[in-house]
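So the structure is just underneath, and the comments pick up after that.
Letters A, B and C mark the chains as written, and numbering starts fresh at 1 in each.
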């Protein structure tokens, strides 16, 4: 078991090295364009040269990477050109919004995926299964930004239930806070629940053919109890894997929703910095979201093993 | 007891597969009185398992019980019961144990919970006394340290222990009928005997009726009061155990009896087996479905289906055109 | 087996409808210049955000032309009075270019890397798959933004960076399929009689793994169209004034309170196109699975 964790930790370490290296070299190994692109099309040759100097583009690349990495490890992501402050501070201040959005959207997508997945698996091929499955298939073709606009149109312009944009921090009251995040979270959920529902449905169909489900039925237990208490947990391993991948993706993918709904999260910080050509901030955001993505995936990988006592046993026995 | 606890009449079950319809259980009828055991014997694929599941309506969606079938349990027809009423019977009236004790216990649920859930649901017991009762039940089925076992998962138990747990679960709500579908097939021989003795003991203690399904004629012969031999979805011979053993009328029953290995046989005696394959139930067959494998089969056997009749005594019936050992 | 349904029947009506839609979009995009359309950036300031069906007049760009031509805006105009239908058709060029070319990049490079990994195994496989996994360890959209940020957003860069991102998944599929096929007797036999590796790969492996790879590529097409749409929606895609579906949707969002058609039509067209590619890929995969079952 310890050997397995060590192996996974080693892998995590290498991926982190790769990820930081790619982030770093992306700027530093690309042709002279980089400085030009950062400076923007209206810049003079002098400005470009200054940026090149600022970035230290003339020193040895490996030395620069190590110096930079050393600073990053200490939490120093540099200083923002535009915001006139530390990049790390800006990221930390935006983080709660993104995390809150993420948690809420994950909850909402599970609230959609689990009941529908279970109902469809209970009567596969039935009218309700066909209806839900084809709706889900159709929803896979709706990009998240289209979903966001559609929901804004329905819920804020047409029905006037929820605000279309703007964010109320928790300090403004938990109710206002959640209300301002509900539509963005629902936008993400409406797109992300589909793969969750599909894997749960297919795994559950397999589980429902197991003997212990027959045994549970022979005990005279009601169908909803059997579905949720006996069948759900053994059917949810793939669901959790996909969910983990999604959480990772959302860390990097929340920028679209944050932009549509004008939420002050990490994603919007990144987009804003790109438009503002705030080099240090862009690098910091990319590095942060990438590392968050890698670590979330690692955590899910570990969690996965602990959820199923059979896998836990394999790991303890050392067969894993 | 004037009426049987369980009365099955003309039970017929179809299974709809992609390749077509299979009639897995054909017009099966039998009666079972309280405290008695009926053994249902046949090769794999003869429809025994489907028969068991049909009785409690535990069939998959692609199986269908025909209208003419009647199942009367405890004086009440279960044909038109709602799912809720059926659940009442499944949990409290009749319980079932299955062949493979590993796969019939939920792998991600603690033993304690699997035993208590019927107590909680059917008997509306509280959590605490239910756990106490679960421990008693586990003790009753011969599990040594129940308070420790209830916190374990099925994979931490041996095969024999798991089947004991399954029995404890089945007995939790004191059912009147226990359906045991090959309860010992997946177990070691030594454990088999222990489990069967346990079942015997519990049956007498609780005055339960039991349906013992097995492919092992020897096992049925020494544990059951009556035996029904199934072939191709039908009961082909049905009699009290000792009568059937002493005087089998149907050549198939005879062949099954011959296939039991005997201890008094000298070493290296070749095992008797029945030549040919069990019938393909997809293809309808006009005559007796054992005819292709029967050495005594004549034209009539191949062309016309024999009915279940009794020619000498009330309690011995068989379906055969050329029965063995006519008592003159 | 004589009266088994033909391929045509097996694929079903949905498949053919989707295919017709895709063909229509491709043809319109290809021959956009030949169609009687106003230019994609011709503005009619008299009719900004006009509803579908409005009849407008176009001031020709050539000053000497005194007679303005009449035009019907079937899908209405956008906020700058540009014909939405025209912009949709020209926008299809971007979406289709990205959607159809990027999977080819992934198919080519990923295919080669995956085949090498699956065929030679050992250290080659370890190194190739470790690199692929590291790329996959990146969140795609962030990497995409980073690349386009540093390279500058134009169609070529978007296609290259998106194509790069699809390489690992193609490599995985190619590897898995190659592994299965190189276990087969006929490959083992070819190797044993000393046929050279390149010849085995070209004659035995490629023909066998090509179909599953192509079907996967169809699914990638939808991802890529959506990814390009996301970039354009964020304003980081193909720079204006080149029309793109994502950019049009973003423009429409600004006037959503007044009128819906500005974002509705591009959203609808994009949805139908992505859905069609999904359905085509799905039907073909089912067909292949069914055929695999028969073998």
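Note that in this section a contact is a pair of C-beta atoms (placed from the backbone, for glycine too) under 8 Å apart; a residue touches a chain by one contact, two chains touch by 3 or more.
Just so you know, these numbers come straight off a predicted model, no measurement behind them.
K.L.:
Name whichever of A-B and A-C has more C-beta pairs touching across its two chains.
P.N.:
Most contacts of the two pairs: A-C.
K.L.:
Just to be sure I understand: the centre of a chain is the mean of its C-alpha atoms, right? Then which chain's centre is nearest the mean of all of them?
P.N.:
A
K.L.:
With centres defined as the mean C-alpha position, give me the chain B-chain C separation in Å.
P.N.:
59
K.L.:
Can you check how far apart chain A and chain C are, centre to centre, with Cα atoms defining each centre and the answer in Å?
P.N.:
Chain centres of chain A and chain C, defined by C-alpha means, are spaced 24 Å apart.
K.L.:
Please compute the C-alpha centroid of chain A, do the same for chain B, then give the distance between them in whole Å.
P.N.:
53
K.L.:
Tell me, which parts of chain A touch chain C in their complex?
P.N.:
Touch list, chain A to chain C: 14-15, 18-19, 22-23, 26-27, 30, 33-34, 37, 137-138, 140-146, 149-150, 152-153, 157, 248-249, 251-253, 255-256, 259-260, 270-271, 274-275, 282, 286, 289-290, 293-294, 297.
K.L.:
What part of chain B is in contact with chain A in the complex they form?
P.N.:
Where chain B meets chain A, its residues are 53, 56, 58, 60-61, 83-84, 86-92, 95-96, 98, 100, 103-109, 117-118, 121-122, 153, 155-156, 166, 169.
K.L.:
Which of the residues in chain C end up touching chain A in this complex?
P.N.:
Spelled out, the residues of chain C in touch with chain A are 133-134, 137-143, 145-147, 149-152, 222, 226, 229-230, 233-236, 246, 249-250, 252-253, 256-257, 260, 263, 267, 270-271, 274-275, 278-279, 282.
K.L.:
Using the touch rule from the top, collect the residues of chain A that touch chain B in their complex.
P.N.:
The touching residues are 123, 209-212, 214-223, 225, 229-230, 233-234, 308-310, 313.
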